[in-house]
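Two complexes are shown next, each including subunit A; its partner changes from subunit B in the first to subunit C in the second.
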Partner chain A sequence: MGKLFVWDRFFENIPKILPYLSVTFSIVVYATLFGVLLGISIVLVQIKKIPVLVQIVKVYVSFMRGTPMLVQLMLVYYGIPALFDPVFGTNINREWGAVNFAYVTFILNQGAFLSAIFYSAITSISYGQTEAGLSVGLTEFQTFHRIVLPQMVKTAMPPFGSDLVGLFQNSSLVFLIGVTDIMGRAKTIGTATKHVLEAYVFIVLIYIIISLGVRLLFFRLNNKMSFGKEEMG
Partner chain B sequence: MNFNLEHFKESLIYGLAYLPNTLSLVFVPLVIGLTFGTVIALVRVYKVPVIGWLMAVFVTVYQGIPIVVALMIYNLIFMLKFNDLAAFLHLKKSISDMNNIWVGIFALSMAAVCSISEAVRGALLSIDKGQNEAGYSVGLTTIQTIRRIIIPQMIPVAIPMLINNVVGLIKASSVVMAIGIVEIVAGATIPSSRTYSFFEGYVAAAVIYWGFTVVVESLAQRLKKYTGKFRRNLYD
Partner chain C sequence: MKNRMRHFVFAGFLTLLLGAVLTGCGKKETSTGSGAAKVVIGTGNSYEPYCYLDDKGNLAGYEYEVLKAVDELLPEYEFEFKTSDFANVLISLDAGKIDIGAHQYEWNKERDEKYLFGKESYTTYVTYLAVVGDKSDVKSLDDLQGKKVKSSTGSNSAYILETYNKDHKDDPIKIDYVNNSTDEETVTGLLNGVWDATIMTSRDTDKLNKNYGEGKEVIKVIGDPVQTSSTYFVFAKGNTKLQEAVDGALKQLKENGTLAKISVDIIGGDYTESE
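Showing the complex of A and B:
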């Protein structure tokens, strides 16, 4: 068995794990980009109160918020082949890499969570602002773009930041469907060398650094925005 | 579309059979989290020298660690070192006698302590400083002020955030299947490995979790009304 933790092994692991950080980042980037788009469309449906779609969206958001990420990941992983293969005659399990299932899950999940953030940010701005915009002759889009959006971003920023931190952490679940992200790589190192603690400790350090970094970034952004508010007031 | 209703039903029954495991994975960490979380929050808000600072660093850093990763590390250490510890304490138990659900409970408790302490701290900070001063001015000690003035006002503010924490815990409890603890997800997929109907199994698990969180959230709505009734309708 030998010693549990050896610094030599710790440093040996660093170059083995670091390249896989790109997998984690790609999941986060895809999920955020497409999640924002999906979130915006959901909010549009909710605000315009498009019939039928509103109810569907409500159930969808409730489902995404009410079930664990892990279950959603598995549902997509087993569900997409089960639902689409018989209809389109495809063989998705063979054709898709595991990471694609991770992208789909995280985009769907982020769409729901971000829509909740955007929705509460928009509704936090009093309707009088919109009325004021319309009364001076701005179109609906101009009112949103010039009056509501700038105020809304400030409210949405802090929850968006903590959502991003959570997203990085949740992305560590993808090793369960066989995606080799940093966590998956640590496990393979573990099976190959029988020493996995050093790899795990290094991963913990990476996640701590990412989380502190994201928080610091959003703290700075927040300060900048509240500074702008004081100037105006 | 391949969806076998029979397999789905079977999975649903298996999943519900393991609901007690999920409940203990949620409520034990919740109680531990509420106790230690409140203590940590008080220590930080009242700026107890050194300990307050240490707690701030601990909570900030620990919140950066994903639960799965923490869980894997605890499980590894537990597996490798439990026999040594048992021998050291002269316990006549070995690793094979132990249920590793305790590792899951430990990992979830640590996460719960951190997130609940943040929720409680936020609620404590939302209470006006004048309330403390008012308490002192009528001759209450610090402990009395906290117990009789601050905490009763803090509870309605903290409840929405605490409910979020409970829902988060319910969802986080599913990751313990990664170290082989059988809870709802792992339970619901037991029949799947025989029938190869994993999709149905996970749908069953999702339905159980969804029901669980919807119930918790509707209870929370009532609780919020009840605890907030002496406030002037701040949240409705």
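Showing the complex of A and C:
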């Protein structure tokens, strides 16, 4: 066999793979943005203990956290059209590109994981503080906004960061339903050029850089958010 | 003051996110307005030279070229291509996501029960056992009992091995299902002894030797063919209208020599009728 790794091929691959970072990023952005919204809604249901919904949410979260991402991807890709199309008379089965199914899967998955992070962050702040806020005449919203939220964000930040790193890595699964992200591009370069190792090494570097970047960002944010100590003096 | 800063940063972050989302939405393709019925072709993305993505990331290969030629002969249809990994192509056909499966599909009984096969073949597909070049103890499937053979989910080679195992329950061949592996992985695995053999066509071993052998025969086919068959396009059961149209076009391409030309250009030999 020829050489497994050649630098020339490595550099040739860079411009071929880089454009596909946008696919990876768009999945992460959608999943985070709508995942946060979904996560907040789930936490609201849990905290307000809305009957029926709270049980549904419980099953949903445990399903999303307890089953492999790949299974969820396949379920959404094949299952959602089968479920929705006959009921609503739509044709998302054919009209939606594979990437839309990827977005939906990752949003649903992130919503569940983020709700767990948010919920634990909120409950980590003792209820006594809320009571104290209410007792000095703040409204419920003010108490949440001024007392609970700042502390909660600080608690939620580190797990949120590591979740985001995991999200980047999980996004590589979308190749299996035909979405070409950086992982998929590496694989297809391997098929077309007969050499796959250089492409893999390059995307390893990309993932490492992304994960270091995200961690650095959250480290900074975390430092910024030590405001509580200063403000309270 | 510090509070206001924080809000600014947060608002900025949200705006950025929103911007990213909006540009993402803007990229959606619009369908063309011609009156032709849209036909979605499902094919793979990692089987060179049949279906793979080229330098620019566009679909290329034999399946694509043949279907493009077919499309030109059928003004009433407009073909659109959708790629996924091999195992998902037929599942997509089940799910109605695609109308035609194109991934060097050989006819077999199991598949025939579920799908509608085209009547007109477009490549021959004679598969052999393939082993490393200096191996001499394997001559047929019988020699592989208890040994490990590489295959992949939903492939015809898996079907052949599973059928063989049904008759040899006492000492079956160990089938290793490796999905969407690359050629390099196949060669390396065989050379390292991860697998004792695999099933492929002789043109596939030629391709592997050319790409990885550096002039030597690292992988060879042995014995008699495991199966002699041809490949067909696969349709959903009941979709006879489309199947007949595609078959008619294929026939025309065969008669005027276009198919043979595509085969020579892309696979490197005329594999449309016989080997």
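Heads up, the rule we're going with is that the second predicted complex is superposed on the first by the 226 of 233 C-alpha atoms of A that agree within 3 Å, B and C clash if a C-alpha of one lies under 4 Å from a C-alpha of the other, contacts with A are read in each partner's own complex, and residues count from 1 in each chain.
Keep in mind that, in the parts below, a contact is a pair of C-beta atoms (placed from the backbone, for glycine too) under 8 Å apart; a residue touches a chain by one contact, two chains touch by 3 or more.
Source: prediction; values computed, not measured.
Shared-chain residue A:Tyr78: touches subunit B and subunit C both. Of the two partner chains, subunit C is the only one touched by A:Lys16; subunit B is not.
Once the two complexes are laid over each other on the shared chain, residue contacts for A:Val196 go to subunit B and to subunit C alike.
Touch criterion not met for A:Leu114: it reaches neither subunit B nor subunit C. In the superposition on chain A, A:Val204 makes contact with subunit B only, not with subunit C.
Once the two complexes are overlaid on the shared chain, A:Val165 sits against subunit B while remaining clear of subunit C.
Legend: residue contacts after superposition of the two complexes on their common chain; A:Arg185 is shown touching subunit C, with no touch to subunit B. Applying the stated contact rule after C-alpha superposition, one finds that A:Asn93 touches subunit C and leaves subunit B untouched. When the shared chain is aligned, subunit B comes close enough to touch A:Gly66, but subunit C does not. Shared contact residues of subunit A, touching subunit B in one structure and subunit C in the other: 1, 78, 82, 176, 196-197. Here subunit A touches subunit C in the complex through residues 1-2, 16, 19-20, 25-26, 29-30, 32-33, 78, 81-82, 93-94, 97-98, 175-178, 180, 184-185, 187-192, 194-197, 224, 227, 231, going by the rule given at the top. Chain contact summary for the complex, subunit B toward subunit A: residues 1-3, 60-61, 63-70, 72-73, 76-77, 80-81, 167, 170-175, 177-178, 185, 198-199, 202-203, 205-206, 209-210, 212-214, 217. For subunit A in complex with subunit B, the residues that touch the partner chain are 1, 4, 62-63, 65-72, 74-75, 78-79, 82-83, 85-87, 165, 168-170, 172-173, 176, 183, 196-197, 200-201, 203-204, 207-212.
Every residue of subunit C that touches subunit A in the complex is listed here, in rising order: 2, 6, 17, 20-21, 24, 28, 40, 45-48, 52-55, 57, 60, 82-85, 88, 91, 95-97, 180, 182-185, 187-188, 191, 211-214, 218.
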